[in-house]
Every structure is written in C-alpha cells, then in structure tokens.
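Labels A, B, C and D are assigned to the chains in the order they are written; within every chain, residues are numbered from 1.
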Amino acid sequence: MDELKNKVRELLGSGTVKVFIGYTTGTAGTKRALFAEKPEDAEGLVFDSSCIQNLAVYVTKQEVKEKGMMGISATLPVMRSLVQLARENQVSDSGIKVIGITPESRLIDFGNLSEVEKYIHQFQLEIDQKNRDMLEKLDKMTVSERWQFWLKELEPCFKCYACRAACPMCYCHRCTVEYNQPQWIPVPSHASGNLQWHIMRAVHLVGRCIDCDACANACPLAIPFNLLNKRMIEDARKHFGGYQPVLSGDHLMSTFKPDDKENFIR
Amino acid sequence: MNIEKRFIRKDSLKKLFDALVAKNKVVYAPVTRNGKTSFRIVNDFSLISGDYIQTTQSSKEVTFPRTEKILDFEKNKDGIGVKPVDIQPVHESVIWGIRPCDAVGKGELGAIFNWDSKDEIFNARVAKTTLISFSCSRADEYCFCTSVGGNPGNTEGSDILLTLAGEGGDYLAEIITEKGGAVMAAAPELFEKDPGIEKDKYLASLPARFSHTEIRNKLDKFFESEEWARQSLRCIGCGACAYVCPTCACFDIQDESHGKSGSRVRCWDSCGFSLFTLHTSGHNPREVQSQRWRQRIMHKFSYMPERLSVYGCTGCGRCSRGCPVDMNLLEHLISIQEVTV
Amino acid sequence: MSKIGVFVCHCGENISATVDCEKVAQVAGGYDGVVHSIDYKYMCSDPGQSLIKAAIAEKGLTGVVVASCSPRMHEPTFRKACAEAGLNPFMCEMANLREHCSWVHEKGEATTEKAIDLVRTLVEKVKKNNSLDSIKVPVTKTALVIGGGIAGIQASLDIANTGHKVILVEKEASIGGHMSQLSETFPTLDCSQCILTPRMVEVAQHPNITLYTYAELESLEGFIGNFKARIRRKSKSLDEKLCTGCGTCITKCPVKKIPSEFNEKLGNRTAIYVPFPQAVPNKPVIDREHCTYYIKGKCKVCEIVCPTKAIRFDQEDQIVEHEIGAIVLATGFSVKQPDFFPEYGYGKYPDVITGLQYERLASASGPTLGEIKRPSDGKIPEKIVFIACAGSRDPAKGIPYCSKICCMYTAKHAMLYQHKVHGGKSYVFYMDIRAGGKDYEEFVRRAIEEDGVNYIRGRVSKIYEKNGKLIVKGADTLLGAMPVEIEADMVVLASAGVANEGSETLAQKLHVSYDAYHFFAEAHPKLKPVETNTAGIFLAGACQAPKDIPESVAMASGAAVKVAALFSQDELTREPLIAAVNRQPAPVYSICVGCGLCISTCPYQAIGWEEIKTRNGELIKKIAKVNPGLCQGCGTCVAFCRTKAIDIQGYTHDQVYSEVMALLNEY
Amino acid sequence: MAEFEPKIVAFVCNWCTYAGADLTGTSRIKYASNVRIIRFPCTGRIDYMLLIKAFDEGADGIIVSGCHPNDCHYTSGNFHARRRWIMFRDLCNLMGIDMQRIKFSWVSAAEGAKWAEVVNSTVTDIRALGPYEEYRRILNHHSKEVTNG
C-alpha cells in the first residue's frame, strides 16, 4: 500500500503524471475511483481485492484526458483493457503511465504499453468455471427455454446503460443505440428493445471484451447479460483459438481464415 | 380527514393482503430476486420480502411506467388517424410495503406532471393507486430523508402507514386517507383498537445531515463552482440514478411504427446521458458530465423548489445505492454545504 | 417530399403471364410519395422509355422504380433513360419481377402479391437514394491478352491495329494453340498452318504487341482501366537476344525420346526444343524435367555447341509488372482424355486414338508426314472407325453438353482418310449430325455421298482386340437397333472439349465467374457474349465454350472492339457506389472514433487515416478515410463499423433498412 | 384450413446468388413464392442487425446467401461475412433465437437450380416450424399496460 502511495507521490511530484487514477474507500467500505492530482492526494489511495471497477473506463473520458498525462493503477483486467484501447488508438504511451498490480498485489512499474502487453500475455483469457457451468446449463435447455430465460432476465432492464458506461470498450462518441436514421435499436425498454440492445452490445464486444465484468457489476438490477460476452469469449476460443488484446496486428473479427468452419452453410 | 390509529396483529397482515387480492386489486409488493428487491405484482403473501431497507427501484413505475403508450396512429386515405390511449382499463392497484420516502415521491412526481397541463394518464393511474406504506425501523448510510423534510414515520403521501411495533411483529396502522379507509373497510375486523402505541420509539433514528434550505440558497450562487467538476469526475454518465429515483420524471417521446400503423410511446430518459440535450446541429449545451451532474442537483434542490415549491428529492438514497461508481448524493450535498463559494 | 414514379413492365407475356401487372401498378399507385404508376407492354422499348421520360418531365419525379427484368439486364438502360430526362440516374431502381418472380412462380394471387412486395420495397429504397455523380478514372490504354491460340492472336492483332499496346501472354513455348496442331480445316480443307502461321509471325513482328511465351499470369489487382498485372516469365534457360534459332542445340541434344506434346505423344522431341518447326518465337526452351544437366548436373552439350553462347542454365523465373486497361481471356480448351471410356480401350490399345492425335497423323508436318499410319505398327489402316460424341452429350460421363466441333471434324477426318487411303473403308458412329454453319451440311453430305464414308446412327458399346483387329461392337438404330460389328484397324474417338485444367483458379485470380463446367461465364448469354461480370475483362474463343475456328475468330474480333471502344475514352466513369466515412460540422466532425479496426477488413487496402485539425494545425481527431480510387464498394467495412460511421452509396444503412421494413410491412 | 405460408427474407450478394437467382429465372425453374430477395453488393455488407430486424418485423425465416469461398467478387467479403456469422449464430442460439430459421448458403451465378432448391427446402423447413410466434409475442409490447400486465 505505502509502496503504491509513494510511487504515486513521486509521479505526481515530479510531474511525469498529471492525474493518477486509482482506488479509494467510498460509502460503506466500498471501493471507488480516486483521481489524485497533487502528491498529498495519494494518501487516499487504497488497494485490495474489493477494487473491482475497471478504471480503464476513465482513460477515454474527455475531462480526465484534459488533465494531461495520466497514471493508472492497473489490475490484470485493466491492463488488458488498456492494451485493447491502445490497439484501437484510444490511448498511447504518450498519454498514460501504467502501474501494474499483480494478483499477488505486487507493483510493476511498466515502462511502456508493450511491456504491459508482454505481461498480460502470460495469462490466458478464459472465463471462470462458475460461468462455464452456467453456460453449460443454458446449453442443456431447449431453444425455447433459453428464449424464456432471457425474456425473464432482461425484463427488468430499463436501459440505464450503466453496462455500457462502465465498459472501457464502450467509448464511442455515438453509440449505435443513439443512431436514429435509421433507428437501429428501439429507444424504449420493452422486450424487443431490450433484446436488440443486448444482442448489439454483445456483438460489438466480440474479440474486444476482456471479461472484466465491469458491465455486470455496474448493473443496478443485477442482470446476468455478461453471460453473452462470456459465451463469445468461449466460442472465439472454440472456433478461432481464442484471442488476447494486442497492440498491433489483426483483430479477431476484422480478419478471417480461409478454413474457418462452414458446416452450417450449404 | 384526520389520521385514525388502529392496531393490526402480526397474523392479520396476511389476511389483509389476501383480502385486497380477493377484491381483485393488482397488488405490487417488494420481491427479492438476484439479490435485488423491487416491486412486482404479487398474489402470494409468502413471496413478499420483509427484510429490506429500501427497494432498488422506487414504485414510480406503477404510475409512471418506464415505457408507456400514449397514442396509436395509422396512415389512411385522409392522412393520419390518431387514437389516444384509453385510460379506462387502468387497474385499481395497491402498492404494498413502500417506504414513507417513496410515498412522498408521489407528490413530487405529481407536481411535475401537473405544473402546467395536467397529465391525464399519470393522474388516472395515481387516482387508482393506494399506498400501504411501512415506516422504517432501520436506516443505512445512504438514507437522508430527515435532511429533506421527511422522517422514517412520515405519513405524507401514504394512504395507510404501518409501523412495526417491536419484536412481537404487530403493527400500528395509521389510516390517513379515504383510500386508506376503503382498505380498512375491505377487512374491518383486522383493524383493532390502538392500545396506545408510541410510534416514535419504534422508528429508525436518523439525524439530519444538512439543511435543504441552506443548500438551496447556496446553489443560487454555486452554478459556476469548480465543485461540480470535482464531484463528477468519476461519474460515467449512465442513467441508473434517474431510473431508480422516485421523483425523476424526464421522458423521451418515441414513435414506433410498423408499416402504416404504430404507437407513440413515452419512455424514461435521464439528464445524465450525453445525448440528453444534444441539438440537431451537433451543439450540446451540456457537453461534459460535470454540467449534467450540476443540472441534476440544481433541478432537484433549486429549480423544483423554486418553480413547483417541492424538492425533487425524498432522501431515499436509491441513486447512491444504485450508482456503479458510488456517486453518493448525501456526501456531495454535504460537501456543497461545506465548500465556501 | 419524394415524387416517385412506378413503371410496371409486362415484358410482352414474360411477366404478365403470371403476374397481374395492372394490379401491381394500381396498388403501387396508392403508396405514399408515389405520384405516377403505370404498366406497359415493353418498358425497355423506345415508347416504353418515352413513357418514363415524359412522366419525369411532367410530374417532376424525384425517383423512378422500373418493375421489369433483372437490374443486371436493364439497369443501365433505364438509368440512362432517366438521365436523358434530367433525373439523376442513381434515382432509378429496378424491381426484378421477371427472373425473380414471373419466371419462377405459377400464375396466381401469391405471385402477384410477391410482385407487389418487391415493388413496394424498391419504392421505399428509392426514396432514400441520393443523387450521385459518376467517378471519373483514367484509362491505361494497354490490353492484356491471355492465351496465344487463334482467338488470342486475332484479338491481339485487332487491338494492336487500332493503335493500342497489347501484352500477349502464352503459357507454352510458342503461340498457335490447338489450331497449329490441326491438319486441314473444315469446310474448305485448307491447311491449318498455312493460314495460321502468317498471323503468328505478324504477332511477333507487330510494333504494338509485346509477346511473352512460356509465361503465365501471376496476379491481378485493380479495376477496369486500371489493372495491375504481374506476369511470371518462366525461365527458358536461354538468352533470347543472343539465340539465332539455328537449332544446332536441338540436333545435338542427347535426350531425344521425350513424347512430344505438340504431336499428342505420337512423336518425340528433345529436352531442348521448339514445339514445332513453325513455332513463334522460333527459339528453343530447355525442359528442365527431362534435361540431363538439371537431373544429373552434367551434360551441357547445348551450351558447348551453341555458336552464340545463348544457353543460360542459371536463368531464373522473372516477374514482370504491367499497368493494364483491359483484359481479353483467350485461354482456349482441352480435349478430354477418353480414358474414362474403359469400354473403348483407349490407352490399352495403341490404335484407339483421339481426334487431336488423328489431326497430327493427317498433318503434313506430323510424325507420319501426313500419311495415315496406325501407331502400333505403322501399317496403313484398311478399315477405320470414327466415334463421334466420345463423352459429349453424355450426362453419365459428366458432360451433358455438345462439344459442337466434333461432328464437323469427324466428317473431315473420314474425308481425309478416304482421300489419303484409296480403297480404305471408313465408318462413323454418331448420335446426330450437327452441321449448322455455312457450307457445313454440304461438307458432311460430300463426305457421305462423294467420299463414301459410312455413317451409322448408333453408339458403340465395346471395343476389344482380336487377332490384330479392333472389334467395334455397336448398333444401328436406323435399322431397328440391329447389332453392328466392325473389324477395324484403327479407331478415332471424337472426345469431348472441356475447360482447361485450373481454369477456375485463373477465374478466381481475375474475379470473373465460371459455369458448372469451369468454362468462363459471359455477362449475358445473348446480349453480352464477350463481356464478363467483371468490367474490363472480356472473353474470346473456346474458354467460354467449345467453338470452331470461325466462331473463335469472330468472338476475338468482338472482344477486340470492346477493348478498342474502352480505349477510345481517356477517362471512364465508374459507378460511384463506394464507401465513405461520416463527416459533419463541428463540434462533432465525424462519428468515427478512429478505432481503425475497419482498416484490416478492407479487401483493397482502401481505408487509411485522416487527421482533422484546427486552423492552426492542432489535431482534433484522427478518423478513418476511404480512398475512393481504391474502394470497390463491397461494404465489408460498413457492416463491421460499430458506430455506423462508414456508409456505402447505393446500399446505405437507410436504404437497406427501409427495404427490410417495406418488405415485411403493409404501407 | 390453408397451409401456412411463411414470410421469408433473403439477403443475397449481387454477384453470385442474385445472379444465380436470375439464372433460375432464365432456366424457368419453378420454386416457392414465399421468398423475397434483398440485394447487397456482397455478403460482407449484410449487417447482422438487419437479420434481427427482419424477425422484429415479422419474418418467419431468413436466407443469407453469397459467393462460394474464393469466388467473392471482392476477394474476401464472404470470408469476413462467414466469420461474423459463426459468432452471430452462437450468440443468437444462446439467446434462444431459433437458428433453424436462418439458413446460410453459397449459391454461385451458375447454380440456378441450387437456388431453387435452397428456397424450397427453406420453405419446407420453416413450414414445419410454423410461424415465429415466439418472437411475435414480444412485439405487441404497446398493446398491453406495461406494468399492470
């Protein structure tokens, strides 16, 4: 903990970093984002296993970017997001300084994003057993049972878009749901509107979602729509050998293999 | 009518519920699913959740549905035929187990829907809705009704207020309105004579944390404050706070047509969204989140009291509980009160 | 507010026979924004087009829907008509009521309903169409001709004679193709090489023609007027500038027993060789598969004997690049090796040969110097049997089509036999005699009546050897299927003409379509016989379907004219149906967020970056940019873009969305 | 009672399947009239949301068809499309959208007969499945009171 505070004091003091994005303690012991701009702000920094928000969501936020060089305390999911964001030209070495936090709460002072890339590639992007079981359970259902399952689960969704807002990859200035000529996604939150929104969201995250669960944690109604993203991660592995955020090179869905499976095409 | 006090035994509560269902009222009551408690239509008393400080969503959806048809239209030879929605089939409904802070919200919402033109659909729903509130014996760090003029046993807005009178599980019933009286009439035998219960001793204690009048006066001079940007830096601009709020009334109008016919619906909207004020020209008067956050606070604590002489906040604390990034309203209001302009 | 005109065509009876055209027009007339809706017998006819023009003028139409045949057929026609009436041609759409409706469904309610749906869909689409200006692109006035047979030769000469450059690519060591293998040609019996070789020489000497023999197309990029071709010149192990073609190397080459392809394996050639004496260019190549030096690493006799030291053993393949404006495909055909007829014993009995082999026997420049001697023992056959349709018109053998040329060359073969072998007896087994063509029927009759060739209508069931004779068992269907048995000395199979090995690979390189038998597909069976579906690529000769010489030559000249017409313009207009990235006024500038993922989806590398800057040069935003010169309009990026920041003219989000809505809803 | 006539929308590419369907016409091969074709430049242009929209507007079945691998007029549009379909199908399947109602096929400009066969078999299959009631049921969202339902 002190190591992190000292590091941040140093970064802010020396001016290498203008704003440092970390965690602090919020209401009722919950953890939330802290934006340290002065060395003394570092005092508020904390880190423990309850720090689950994906802070990478802030590196594309205008008001934060305007402050200048950003620093960020990055857990594995955050690091993955940052690499993917770099691949998508939303952040670069000239804009961010990454202080990695390993699963064992060890600090890594990354020199640049390619070091971050190297680091994350030691780990597979794989969904946990609990969710794998849940997906299996869904697979065992009939199509109609799954349909009913989702109608029931998505019914409460009132389209507050917390899932979108909390996702580092949903940084578009104008989301497709806000496209109204034509109106791709119905604005109201009704059965078909909700269905279409969640399908669209899942498709747009194929090959980009890094399974941080920020969306699900953000949902005020605890809707398990992140299962859709997890299924996409599973299938990407099944069909194309999986993916990892990379700084350059092909993106899973903007490329192809001549021998991609086509047993479903006559 | 002045408040009539009665006594309801623990085991009579279910009987009362069943009596209401028997009178084929649509009864909304708190049900817990996926760890979230919200109002759902319930016919079976056993499904009702007892252990909750506050529901995730307010009960506003009963009178102000998140998606509501307001008219049908159809192209025909002479142009477009319009058919306003028929408000007759609106059910007689009862909201069971809402908190006093929610009940207060009814009035604040009503003020918005009636400040100039009267919203027929909304009023029709309100007229057919009876509120059976339960006062709060517990509060959490998000609650601040007492700071905005309410209290854990507030009768304002409710038709009947039930207060749990100690471990025994019996209730003090306050019949506040005629609608309340009608409920009692549905099962008079269950409403016994009040043995003289001291209500206050069973209510949660929640000292006020700030003065809303002070805040209101402060806000007049606070528009340009740096505080907004500081507070909202971590806000990610979703609509959760507005959608769980008992008094947020903003809605969008959408025409959904399939071929030559369709419906005009109104659906919830939120001032937290970046597109909320986006002009066709591409100009957005509230370009950044700090401006949207400011609008939210100003609207509830300055504009509404000024124009509608009610506050846009009941202190229920839902926005803070529901916020993905812990934008704690109470905390922010206190800091507004503390910063010097 | 749009003013749409709907024009429903009966196409004579083609549409109106199954679709109630009046009803379609009347229903369409009721749709929002449709101010004019009529039906007419022939919309594509002059009066039909006048109806459209008049309506545009009188009612000030903002959009036109012509409900008739496939847009692939008449879209240009009707767009031109609209343009002439002052309406932007891209405000005209077609509903395909013929190919997709009237021709494929029975008469009735449902069919008319479908027609109405299709019209409504296009009406809603055209409302969303944008006026577009065609894109102007420069034309490289150089043609690439692939294949140096008679078709390729003719096309090259015709184009070259209009004053344009031609690159002629031939995969063999000499041009000439199959025609150079033929003996005499029907129906005039003039010597094939005598009429061909002067043309071959002309090609070699023509200032406008660059000839690459022993070469193949490696890859092709670009589009009409602006192709870039990479051509692989296989190593000939020879410095052609130094070689005089004296032929010493050939006479001295120790490897002499290589079956000659030119002679259909009836003769031999050396390892360093020219395919045939009149070859153009008349300079040898070394066949590295058989050359001792390349196999064993020693020999080099040719190098030693070469007076000009022209042999280059270390020579490597060379890739040459050319900017090309148009392409003529003239790769010809092959003859199906009849080994899929075990019952005829081809390959088992040396004296059962193909028609093409017979051509070599009958040719004065052939292995037998034009004498008909049978391969086995060189004896002159006293009885010879010709079997027409060896494979052709035989679904069981996978070749249901007629190879077209066999009837005629079989008659010629029999006739030549009778001329060369006096007293010889010749028999022709046939299914039908197809002798359509000037002097063709007369030619066949001459064979039968004057030269006494015996024609037997029926198929041969079996051929087997019995003491030195080939027993041909067949039936004469004109005599009530009476069994026929002929003791022949030699049998000639008129085996089917088929597409070249690997023709589909070439088609894929060029993005032209091909038919079920891998012959290249013409753009329209009647009206665009030399065009392909890919603009700027044309067809000549038997690569499109089996053809005889006059047809191939005519088609070649046709293709040449198409190329010449193309080259007569300095600029051509391209359909502006391409993608573009959204741009809009400040403060948004563009809804593109610059994720750049579209860049790798583009098959043409047409997407790059654009930097939006303030007046004083500060970067505001970096977004994707489509290069209109490279974009071919596939729309792969459009469907991929998350923010819908890329859209494609002609198939905009608004258009396709409206189509889906209109298709499934009543209006 | 009359046989159920499914509404089927076909999303096809201009160069192969559209041309193939033209050939079906010129060859006068008859097929079921339930299918309506929407023309796209390439399967790569076909937006997955359009397929959902088709169901949302009441389609009972969908055909998506384009050029065979390697035959794409634009070299690789169909390859990109295929990869998207793979993921899209799995997603829809998880969401309970019946994948038997979306038929994918390659039909070349030369396969007029195959087009007829694709259409007919699709119509037969969708008939067997019946109208897509399950999806329609979620469409009448405005016809009932949203919360008092």
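Here is the rule we go by: a contact is a pair of C-beta atoms (placed from the backbone, for glycine too) under 8 Å apart; a residue touches a chain by one contact, two chains touch by 3 or more.
Quick caveat, the model's predicted, so the values are computed rather than measured.
Student: Looking at B-C and C-D, which one has the bigger number of contacting C-beta pairs?
Tutor: Higher contact count goes to C-D.
Student: Measuring from the mean of all protein Cα atoms shown, which chain centre lies nearest?
Tutor: Measuring from the global C-alpha mean, the nearest chain centre belongs to D.
Student: So the centre of each chain is just the mean of its C-alpha atoms; given that, what is the distance between chain B and chain C in Å?
Tutor: 74
Student: Need the CA-centroid distance for the pair chain A / chain B, whole Å please.
Tutor: Centre-to-centre distance between chain A and chain B: 32 Å.
Student: Averaged over CA atoms, how far is the centre of chain B from the centre of chain D? Could you give it in whole Å?
Tutor: Centre separation, chain B to chain D: 46 Å.
Student: Spell out, as numbers or ranges, the residues of chain D touching 2 or more other chains.
Tutor: 48, 57-58, 70, 76, 80, 84, 141-142, 146
Student: Of all the residues in chain A, which ones touch at least 2 other chains?
Tutor: Each of 176, 184, 188, 190, 193, 253-255 in chain A touches at least two other chains.
Student: Please set out, as single numbers or ranges, the residues of chain B touching at least two other chains.
Tutor: In chain B, the residues touching two or more other chains are 66-67, 256, 258, 265.
Student: If we count contacts the way the header does, which residues on chain C are in touch with chain B in the complex?
Tutor: Within the complex, chain C touches chain B at residues 32, 584-588, 661, 664-667.
Student: Which of the residues in chain C come into contact with chain D in the complex?
Tutor: 70-73, 96, 98-101, 103-106, 110-111, 113-114, 117-118, 121, 508, 511, 513-516, 521, 525, 533-534, 577, 601, 603-604, 632-636, 638-640, 648, 650-651, 653, 656-657, 659-661, 663-665
Student: Report the residues of chain A in contact with chain B in the complex, numbered from low to high.
Tutor: Listed in rising order, the residues are 26-28, 30, 32-33, 35, 53, 57-58, 61-64, 156, 158-162, 164-166, 178, 186-190, 193, 217-224.
Student: Mind listing the chain B positions that touch chain A in their complex?
Tutor: Spelled out, the residues of chain B in touch with chain A are 34-36, 38, 56-57, 66-67, 140-142, 229, 232-234, 236-240, 242-244, 252, 254, 256, 265, 267-268, 270, 273, 275, 288-290, 320, 322-326, 328, 331.
Student: For chain A, which residues are in contact with chain C within the complex?
Tutor: 88-90, 171-176, 179, 181-182, 184, 204, 250-251, 253-255
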